[in-house]
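Beneath this line is the structure, given in structure tokens, with notes to follow.
As written, the chains take the letters A, B, C and D, and residue 1 is the first residue of each chain.
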């Protein structure tokens, strides 16, 4: 279903930009996992608006409340409900959108599908929807700490517009990523990226880019053949994030320009284990992890909400012009990093449990 | 589950490269849809080995048998089971693979996951697995003919290695695609592509490329918010195909190098309908179709099976060398075209039924 | 998953007896359905404690808040989250249960399964869990009003202990059911039943009984063959309610003492429609509704919580005695009536949408 | 979906009474489980027609073929497809049913739902459908042998019409059940039951009865709270079998006539373990197994197909008379025993895997 994800670590998110709040219910979480609101808040803070000068200035604290499923600091195995209230909602800023369709937003398609839409701030199509995902993923990470203690997920800004960072996936750390507001671990790229974002905002324009994610310490054997291949699940998870336009794993699109003899990853024995000498597979072969680092890239389009005037139509079919007045991000990339990381955690946690179910191990 | 797909048009595929056969069980198919073995066979013939000189020469007729769910030429609403027997199985050609892991294949990961694997011809990881998908999709297309008669899906080879075709997605037809054995509708590209594939095979090597797919006549309103966005479902469906490394929709990765004002698709009234003047969204906004053509590209890596000798290890951890002797495709792209088309049909059929369920229309 | 129900009208409930609250998230609800907190509250009030002298005196108002999914009085098609805060929680009343297992409760089995349990007031195993179900069902009923306007669900107390009511399923109304605190539409039975419950409570004991439910105006064609037969789904739904021990539909267990010629329901034409002259099938044949009234009975055991001293053991394996001090129902039947009705509504709503999806009609 | 069952041990059945065959695809089966056609055949033989003089004389061998998912005698973790061909199909015997609706069969409801139906021998509503279930359950039992070696499932005929057997659930064995053609382990009841069935058949009539099932050696902790309670899953599983009208577990309907102090199961320490002194709970508390034997009863109505003339109507709305000429069972109970056992195995296998997934143990 549209707002539910996962086969065993199953989440149901809810909530709109404006209204009572947003959140998630998690079903199937293992019991006896340490969990507190502080653990969840840490990741929500990395996602929330207003955290730096280059993101939207909507003043949301995004304080989470655990409503159920945790007792004396540990999960009980029953549903974990997490609620974040909306605070700084300004529906009046969206009055114009009641009738005019914002270009490259979901206003028109929601109307076409449902015949009704909460036009205040994007409704369900608002990026506030991702709060439920990030909260659930904070729990998933706690589960993964138990199931696969060596596993670590590091996502970072790989490119913004034409600016491409140089990052070594084998060594990059979350500390490096979090050391600057653009979440790019390549020191040389940080200032140019920040400048570019500021310039775009001053022009009433926006930019896109790519997030790369590397997952190290993945046990071999996660994932499934056929439809639920690990790369397929990751692709879906990433392409379900707002503003995404592409996904590639390992050699990706560039790999189509190699020959088989150039592309294949030979096996060898290294450190007493079966390893590959290269990793164009991106850590996954036949849908199943092979123990090498998993790495993939996600394309995010330039933010659709821009201050420049744009041509559009109303729901009555009248041509009109529209210029955004709501608060918005001139570039979603810095805040996309924790979202990508969150979705990766949800995929891996679900597959770790599936592996334990079917094969009795992780 | 790994070999099941779809929420309402739900398929369960089965079968390995060698053994009793491959096939699919479809549950949830609407009743009273015209269906015959001939309809399914047409698409299986486009997928099957031995259909031309540039694909694998395994001699499989891939004749399908409908075991259930069809009565007097129409679906009954109960499960449709379709079986294709394996004929030209040569397990002896794979004897070496019993112990040696083929580079960039699923041999090692299946062993790591399951502790056992049918090593004859790739087992479940063989591309024969896609027979069940293509057969199910032939049924899905019959359903779509009823639910969305204007909808048409055309997939084609967009590039092989460095050779990139020029194709107009607005007009390309399946007839053009099927007019040559490489399934590229750009006449200028056909011969160079065929030559390249033959050259690669003669070198004991292989090549990859991209398939593009355009879906025209999609009603606005298909898809869902949040996790089951239409692009997310398409991404998963495509990345679940063997040998895929990337997916992009609309502007894709290149779109990250545009600004918002360049990238947004303005709305206008055209022909009395709300349309967009450009289509960088690729026909989907906020996870829901907007009535414009949906188009996306899928990256296929060069075939892992090559005749050149490669370094690898055995399941006992001994270094060894391996050169493929089984029959295989030097380039999967021509046969990937009907697979991409099939997965697109499965996604759209499922979402058409989901839309009818929730919103009472399509 | 354990706290999720439904294939298309999909609900995820959460919450424990003590803690932040209980509630539900509904995914897949059709758009444009009229909905307000008042509509939901009406059913919650029929379920809530303290509503009469013969039920538990826990003072809970059970006020619901719609957090999302409703805009200007109508559903938007996106997730509907409903929250009810816990108010009159008294964890201290349950201190003893921290270690001692209450007989015929879930204390021991939760510990055996999860290794942890929220021992305050029953935790997730408390009947407060059913708030989420009743709230979701209030929404389901609104959907059914649109999809099947003639459909009406009437549940009532059929028996308590040895007292059996005489009720005509063809004519019984919800008004009759709600006219007395025991929710039995047979006037003659009301006073004896109330007296029996009071007597049992004064003895520190409890009683069980049966709820019967009749669903009239069901369109023919709801339900499915094989696993998801309508009677199978109803059986699961009812047997998922706390304290249930049995389910029977139509002729039920008594029907096993008839011969086929006595039991079969002959068809006839009545009022221009195909009808049956008897209804031992209980409105369902081969898993699919036949247009006759659906009726079934559910057995509820006597409340496990009693004030009399009982033999038990502690989680450390020590024998001990336990006498309930928490507030509880001496008989769950009066409050079980809206729960049975709720589960019936959830089953029918889901199947109405499934029918619309597959067959394009309801 | 209607012909799919299970969350982790997921089966998809297919096939009709007449046509290519019936069978099942199992997804999610653990790898390395011993499996052969002989193991499956053993259970199919207990279900098949023609096995004795008191069941239908349709001459079906029901030979199964494993099409996939097994390699060198062990499951591979990939889909297991099992096919049984139809042999003794006699569509001509059903010509009359093409238009006339058999009373208390699914003919009318299938038409009402789907607008089409395979009228040959009951189509999908034929009891042949259960072949897929029994085959899948034979695999499930092999899995359970590994996961819960002490678990044993014994189902038996508890009553036929007014004849009630006396059976001790603590000691009854499958050998006792299989020692006679009526599958009743109470020696005194066997002859009267057989006589009754023969008498009914000679009258062109039929009888119903109850099957009881006891499951011993169940580890504590299987099952789930709320919707997927073990008793709810068992109820659904049993009520999905053809001809079932009721389900009760433990004290069942009779338990509603006890008081709480009579009904509760006190805990004690026995053999160093936490046990209950009585077992009115039927082995399940709060939806989760408590380690005591699980036992339940299922009501089967008298066979709807009888040789006596019955009043009915045609699909054109004309009154007519109908007398069965197809081969059929005068009493389904003897063949229902392996079906009940099969469904119990499917429920337990799925929950054993769910338990391993969430709690890391069984």
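To be clear about the criterion, contacts are C-beta pairs under 8 Å (C-beta built on N, C-alpha and C of every residue); 3 or more make two chains touch, one makes a residue touch a chain.
Because the structure is a prediction, the values reported are computed rather than measured.
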Most distant chain from subunit A, judged by the mean position of its C-alpha atoms: D
Higher-contact pair (C-beta pairs counted), B-C versus B-D: B-D
CA centroid of subunit C to CA centroid of subunit D, Å: 26
Centre distance in Å when subunit B and subunit C are each reduced to the mean of their C-alpha atoms: 45
Averaged-CA centre spacing for the pair subunit D and subunit B, given as whole angstrom: 39
Sites on subunit C at which at least two other chains make contact: 1-4, 7-8, 13, 28, 31, 77-78, 113-115, 124, 225, 359
Footprint of subunit D on subunit B - complex, ascending: 1-4, 8, 10, 12-16, 19-23, 25, 27-28, 31-32, 65-69, 71, 74-81, 83, 113-118, 123-124
Residues of subunit B touching subunit A in the complex: 1-5, 7, 13, 101, 103-106, 108-110, 112-115, 124-125, 129, 159, 161-162, 200, 204-210, 220-229, 231-240, 242, 244-253, 255-269, 274, 276-277, 280-282, 284-291, 297, 299-306, 308, 310-313, 317, 319, 355, 359
List of subunit D residues in touch with subunit A within their complex: 7-8, 28-31, 77-78, 225, 353-354, 356-360
